[in-house]
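The following pair of complexes shares a single chain, subunit A, combined with subunit B in the former and subunit C in the latter.
On to the complex of A and B.
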């Protein structure tokens, strides 16, 4: 731990070139990251919260030396990731969720052993860490199973275990619980929390689009959308931004159009979804009096109220407040 | 004392990369079937490949094995087994790790030394290739009375030529691995194309003299030409190539060494360039799904 920040980015940018066939119209570039400035402290469990395509994975790829930025600088433990990638790799590891990678012909234990050797662990330490991680992810009884016999979820767990084998100084977790069942996700989240708490100075950068995950795990959260950092603070402070605002979730009978709800007086932000057999309306209101106008508007559109819930602000509400759409809304409608 | 410490760490990481990749390559090569089937496949496939041309020669020549062209063809074919094994063993590792197993990005995130990793991945195929070459040569000596005498052969020429040639092949393999890194999965055709071109141009099956002048110049620029020539001279004391006859054994060895060093410098530089391009374009973890 040589530097003030475990991770630091300075005006970091990444633009992808899009190949278009002759005659095909559309943009030829895609801005994945734009002027990203982050400073993650040693010992922090730092979250990057944003919808799919926000630039989270691009940022992780740059920080783990897999991708070069098109502008700005990125430092891991004070080391420039472009100038000295090998020195960065000695300090880090990474887990990408939803991946079923691994050598199918090798057993689970062999797959993990191979990576311990890349990191130079002696046999005794390697065996202990493999055993311990297999117990964490519930694969201890599958250690001798060839990985092509594993289910998708088991392969994901093996990949998760791999990320912790070298006890990295800085760990990058890119949507680590993506696609896993609720119980497994809970176990892994608990382990991540414990891992960073029991090892002072170790840092985790976690990307997720599950607001509860970010809220539960992270010391600080940066909200990212369309390649830009919109806010960065503790989850409590981010939610405090909505203190005084009234947050309501309504379920109504199916409504034809939803656009006008966002224009009602007193409505600060609105996100609506058509679900199976009903419509869900989420409002951030300037004060509770505006609710009357909302209910009138529902009635005017021929809808009937099925349920109404007043909630405490969540990180998703913060995201809606900042961006004007929900985390799960890819297109923002 | 920072620099010596770093250098020691770099060497440790390089050796680790080589050792683990060799182990991994062997597991991948040998674990796909029962040991007996693996042995039959590893030996029968290249030997059968080499025999096809020998049989063709025997049919065309009416079964004459005393023509100097016969040992020329036989030895060229036998050692050419290495070309496919080493080139594909190394360059295929990129496709395998990236497209098939999806682990290339995790390997790249770990502190490996990629040249040593790739070389290690090629070792397994080189070993199976060696077994195939030994069997092909033994078969030739026993069945076709190939004039090779292990006791009287020129060992002082054979071993340096053999090892330098293998190093040259490994370096060309790294060049192909770089090309694979920046192209899609169908790049395996590239490996076959290069192996095919070398087959034609380096005098594996017929002397360079029969090629058009322009192709002869290309052949004379390839380290593999001098590798095969040196091996033939070491094993049977002579060669059937009038074009290379004026070169002494020492000259062949020096040209082989020089051209291998040149190819090595080009290959390593080219791989670094490809790696930089791959990082710029986000190709390290590309999966084409072809």
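On to the complex of A and C.
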């Protein structure tokens, strides 16, 4: 831990070439990352929050040496990921949510043992760590089960355990709770928090599109969209940006059109969704007086108010405020 | 020195770790015995019957049985090592191998050694059963030379396999097609079932780039010194095999590094369904 930053990027960019057949129109490049500048301190649990296609996974692939940037620089523990990838690999590990690992014919502990060998762990240390991680993820009683007998969730838990076995200095968690049930997600989140707190100097970079996860876990959060970092601060500071604003969530009977709500006077941001049997309207208002106009507009469209909630700002509101749409909305890229 | 020792330990443990699934698979899925022993014997038998129908000398039966045994190693290199990176990429394991601070050659060597257990059983089965069924007698003129040629053939062959494997870091199905294309022509060019000399000097010389060509020819000469069907003398073939071993291993190391870097640049290391 000789360097001020665990992770640092300088004007990092990545452009993918898109191969098109002759005569096929459309762009020939896709900008996945553009001028990304990040500095993650040692011991931090740092969150990267953004919708699908925002560039989170591309950034992780660059930092874990699986991809090279097309511009700028990236450093992990002060080491350039392009110049010296092997040194970077000694310090890291990665878990991608929704992924499994290993071979179906091997048992859970055999699969995990195999991965420890790629880090040169002796078998005694490996088995101790495997046992301890299997207890964390609740797979201790499945240690001798062949992995093709495991459910998808259990395979994901095995993959999660794998990421901690080499005791990495810097761990990349790419949507680690994707597709897991609520209880398992909670257990894994608690462990991640404990792992960083109890081991000074260990760093985690977590990507997620679950706001609550980022809010609960992260010391700092960077909001990323379409390859650009839009904001980077503690969750509390990010939410403080909306301190003066009034945030309302309304549920109404189904409404045909929603476009006009964003243009009402006093509405600074608006996101609406048609849900099963009702419409949900989320507003960030300049002041509470604007609510009258909103309610009038609902009535004018023939809608009836089902519920009205004034709430504290969340990271999703910050995202809406910065981007003009919700995290769950498709980005189109 | 500590760094060197650490590197060596990581290398050896990686080999052990990656060989393990192959070895344990042999115990847990025993169906391989049927496919790896009985079926290859059928293919070899066909050529024996052809030679016998043509009234060829008994040595030719020995040539075929030896060729049938060595086929196993070529198949192992092609399908259990070279193309394996394709499957690893599709299952998501490749990315996990590549982010580990270990040598790619160690991973491939682990695959090779793990797979070699089944392959050697297959080769021995063809050799022993073939010898029994067709009453083949081998007279080993020089055991040391035979073992040396066999080992050099394997080293060069698996080096070549590592070069093929590097292509799968960059390509997907394209490399798969290449492996398919290589299978049958190599059966012909390396003289699995006939003495390579019968292809003429220049074709034989070209085919000698495939290590198993010279390996087989040298082993046949050692086992049947009187047959007079050797392409080059055993000493020359052994020297070329030693050179090929060194060249292929160095080339494999460089190709793995080079194509991994190209694949990282082009973003192909983790692209699935290529």
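In the analysis below, the second predicted complex is superposed on the first by the 330 of 333 C-alpha atoms of A that agree within 3 Å, B and C clash if a C-alpha of one lies under 4 Å from a C-alpha of the other, contacts with A are read in each partner's own complex, and residues count from 1 in each chain.
The definition used in the following text is that a residue touches a chain if its C-beta (ideal position, glycine included) is under 8 Å from a C-beta of that chain, and two chains touch if they have at least 3 such contacts.
What you are looking at is a predicted structure, and each value in this text was computed from that prediction instead of being measured.
**Student:** For the three-chain model obtained by superposing on subunit A, do subunit B and subunit C clash or fit?
**Tutor:** Subunit B and subunit C clash in the superposed model.
**Student:** Contact-wise, after the overlay, does A:67 reach subunit B, subunit C, both or neither (first, second, both, neither)?
**Tutor:** both
**Student:** Applying the document's definition of touch, where does A:121 land relative to subunit B and subunit C: first, second, both, or neither?
**Tutor:** second
**Student:** Is A:307 touching the first partner subunit B, the second partner subunit C, both, or neither of them?
**Tutor:** neither
**Student:** Should A:92 be classified as contacting the first partner (subunit B), the second (subunit C), both, or neither?
**Tutor:** both
**Student:** Based on the superposed arrangement, let me know which partner A:29 touches: subunit B (first), subunit C (second), both, or neither?
**Tutor:** Touch partners of A:29: none, neither subunit B nor subunit C.
**Student:** Could you tell me which stretches of subunit A are touched by subunit B in one complex and by subunit C in the other?
**Tutor:** 16-17, 61, 64-68, 86, 89-90, 92-94, 96, 99-103, 105-106, 110, 114-115, 117-120, 162
**Student:** Per the contact definition, I'd like the list of subunit C residues that touch subunit A in the complex.
**Tutor:** 6, 9-10, 13-14, 16-18, 20-21, 24-25, 28-29, 91-93, 95-102, 107, 261, 264-267, 269-270
**Student:** Which residues of subunit A touch subunit B once you look at their complex with the stated criterion?
**Tutor:** My answer: residues 16-17, 61, 64-68, 86, 89-90, 92-94, 96, 99-106, 110, 114-115, 117-120, 162, 166.
**Student:** Looking at the complex, which residues from subunit A come into contact with subunit C?
**Tutor:** Residues 14, 16-17, 61, 64-68, 86, 89-90, 92-94, 96, 99-103, 105-106, 110, 113-121, 146, 162 of subunit A touch subunit C in their complex.
**Student:** Hey, which residues of subunit B end up touching subunit A in the complex?
**Tutor:** 9-10, 12-13, 16-17, 19-20, 23-24, 27-28, 31-32, 101-103, 105-112, 276, 279-282, 284-285
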